[in-house]
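Quick heads-up: structures coming right below.
The two complexes that follow have chain A in common; it is paired with chain B in the first and with chain C in the second.
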Partner chain A sequence: MIWQQLQSLAGSYPLALRGLGMTVALSLISLVLGTLLGFGLGILRTGGNRLISAAIGAWVDLIRGTPFLVQIFLIFFILPELGIELDAFTAGIIALTNLAACFICEIVAAGIRSVPTGQVEAALASGLSRWQRMRQVVLPQAMRIVLPPLVGQYVLLIKDSSVVSAIGLTDLTRVGWLVVQRVPNGLLVFFLVGLGYFIVCYPLIMLARRLEQRIGAAHGEVQL
Partner chain B sequence: MLENFSFRTIVEYLPLFGQGLVTTVWLSLISFAGALAVGILLAAMNLQRGWLFRVPAKAYIDAVRATPLLAQLYFLYFGLPRLGFVLPELVVGILALSLNSGAYVAEIIRAGILSIPRGQVEAGVASGMTYVQRMRLVILPQAFKVTIPPLLGQAIVLVKDSALLSLISVAELTRAGQLLASDRFMPAEGFITIAAFYLLLYYCLKGLAALSGRWLGLQPARSST
Partner chain C sequence: MTSNPKGQANMTKTGMIDFRGVNKWFGALNVLKDITLSVEPREVVVVCGPSGSGKSTLIRCINGLEAIKDGDLIVDGQRLGDPATNMTRLRTEIGFVFQSFNLYPHKTALENVTLAPIHVRRIPRAEAEKDGRELLAKVGLGDKVDAYPGQLSGGQQQRVAIARCLGMRPKIMLFDEPTSALDPEMISEVLDVMVAVAEEGMTMMVVTHEMGFARKVAQRVVFMDAGAIVESGTPEEFFSHPKTDRSRAFLSKILRH
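Now for the complex of A and B:
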């Protein structure tokens, strides 16, 4: 019986590959877009303009305060009512990018705020332009604080990409759901689905941990 | 544009939303209690010197943290009946949320206990305290303080995660929004309303986290959501 199931599972491997491809595509595209947007927002958030900073803060709170599933439904069902036609894939990308950007914005803002003001003043005194100060003085130092939670955020993003299966995208989780209708062994099917995510996410979790330790050590903190 | 946004329909469906909100609140409360139990157990196992308890605890925590909640939920939903446990969706949902959040709670508790300076333990030893006394009288009271704000952060995550239970048709808040969206073809009314309710819960918990930080005399906590 288990042998039959395994055979049947092996038969659905093209579907599994497609699902894996979808999960990777969703995660990668929104990871890149979300990082770019998140850094931009983070820099604006810590910039001088109070109004812009408050607006970004309010938006971030809105996104942090609602479930991702509800955000996907809002984007997928309501943007068309506003006259913006979009398919499930685009909706998924928009939702994931927005989510990632909001969290990365806060991570980057915290990193920038951690850079001592003396550094900025020294850069000012050296006659560096605004852009030069950010790129050559502030961001390189902020990156030490930013990097570990940023990698952690990527793990969350990959995991959250499973939620887009709710609007009918055939990602890895959705494939599991489809296969389990034919092969009635939920334990085995979703163990394999979980394994797919684990292989990608676990090394990233380890990386985040290592980065955290290295930074702790660089600051002379005692590692317990 | 949304010129025919119907507040009347929202009012008409308000009892349904109310029920959904209440369900979300109490199932989150039960799941959080479950997560605390799982988390304390895992943290205790993880802090042992011997590998017998530590290794399984670590493996469990890593497995949970490296896989999506939705896959875990389906694992239980489709897997438990196969093991002979045919449970209502709501119970499966609470179980999944508890087991998932428990792994994160365990890490919070472990970090809290490890944040207590070594000197405190040594002072306890020097005063002739036993292991249990040191834990109960010296370490835990101090660790408790540090863990409250991140635990409330985890509670926020749990409430938001509970929305996924709508996908195994548990009648909670998100399900109420889906019903309005599909019954009346009014997704805007349905989903904007439930988003507002979730925000309400979010700001309550966030306020509580800020207050607890002040009461406990901690730095204003960066919420871990």
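Now for the complex of A and C:
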């Protein structure tokens, strides 16, 4: 019985690989886009313009305060009603990128706010432009604060990508649903699905830990 | 008002730094009261007064770290707050030394000095670094070019901060209590550097209670209290014959030891 199930599972490995590939592709693309967008939003969020800052804050709160599943449904089912046709993959990328950007925006904004005002004043006093102050003085110091939670957030977002199976994308989670219909052993199948996510996430968890240690160590040397 | 083709304030007598009836409020608090003060090129002016008297605010207005409410403040011939004045450009002509140094902790001493020359003045890196090394040597830190601020003492950090300002070849240097955060044994090493800068003919405004420094290089001491300039004169006059009760009370406190 269990032997038959295992054999049948072994036959599903191309499907499993496809699912894993989909999960990795979704995560990778939306994390890269979400990081770029999140840094941009975080910089604008802490910039001088109150209106822009408030608008970003409201959007971030809205996204953080609603279930990701609902956001995906809205993007996948509501946008076409407004005449914007999206395939499931694009809808998934948009939803995940938006989610990533909102969380990363808050992490980046917190990092920027942690840089002492004296640093900005020193940069200002020596005539650095707004962008130069950000690029040369503020961001490098903010990164110490930003990096560990950023990588931690990546792990959460990779796991959140499982929600896109709800709109029919054949990611690792959906492969689990498909396989379990042929091999009726949910415990075994979803154990393997979980293992797949863990294999992707664990290196990042280790990286986050390493970064935290390295930055902790560097802190003694570079104070202020 | 005399007719002026450029439509600027009347420029009959313009110092390097010219306060004309400047006022500033923090909320309801009038932190600068009708300040009129002119600093000539190559002049060294020491500003002193009790804490909260507005002396830091006064010099922070000069490079626009604080905005003034009314009156005119003309620096190097340019009126602050005027749309024609490029504040970023003007700031490159004004060095500012902070009480808490504010060195960039993620950059070495040399990188702290060369950052603005490379990115703002667009000086080639090699040239800026050669310049930076010379400036660090000049402030007595030729052996610390590759040290990070966290590896330097307070006095050394402040000397790097002065070198960082000098790297921009400014016309004006402002010092906001540059030795107040230092251990006593480090104060003189910073003051020595400041004296050297003054003797090279820099226009300087220095907020400090270091009266030895004032006697040595200042042409004028300005005493502030409660946001207003109460008294102004040569160091000799001010220390030997303070004219007001408030300046006498202040001097008796800081010179008691």
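We take it that the second predicted complex is superposed on the first by the 212 of 224 C-alpha atoms of A that agree within 3 Å, B and C clash if a C-alpha of one lies under 4 Å from a C-alpha of the other, contacts with A are read in each partner's own complex, and residues count from 1 in each chain.
In the analysis below, contacts are C-beta pairs under 8 Å (C-beta built on N, C-alpha and C of every residue); 3 or more make two chains touch, one makes a residue touch a chain.
Not measured: the values here are computed from a predicted model.
By the touch criterion stated above, A:Glu121 is placed in contact with chain C alone, chain B being left untouched. The larger set of touched chain A residues comes from B, when the choice is between chain B and chain C.
When the shared chain is aligned, chain C comes close enough to touch A:Gln136, but chain B does not.
Of the two partner chains placed around the shared chain by superposition, chain B is the only one that A:Asn185 touches, whereas chain C remains out of contact.
In the superposition on chain A, contact of A:Tyr13 is made with neither chain B nor chain C.
The intersection of chain A residues touching chain B with those touching chain C, taken from the two complexes, comprises 224.
Of all residues in chain B, those touching chain A in their complex are 1-2, 62-63, 65-72, 74-75, 77-83, 114-115, 160-164, 166-167, 174, 177-178, 181, 187-188, 191-192, 194-195, 198-199, 202-203, 206, 222-223, 225.
Interface residues of chain C facing chain A in the complex, by the touch rule stated above, are 63, 65, 88-89, 91-92, 94-96, 98, 100, 102-106, 115-116, 119-120, 148-151, 164-165, 168. Contact residues of chain A toward chain B in the complex are 61-62, 64-71, 73-74, 77-78, 81-83, 110, 155, 158-163, 165-166, 172-173, 176-177, 180, 184-187, 189-191, 193-194, 197-198, 201-202, 205, 224. Against chain C, in their complex, chain A makes its touches with residues 116, 118-119, 121-129, 132, 136-137, 140-141, 220-224.
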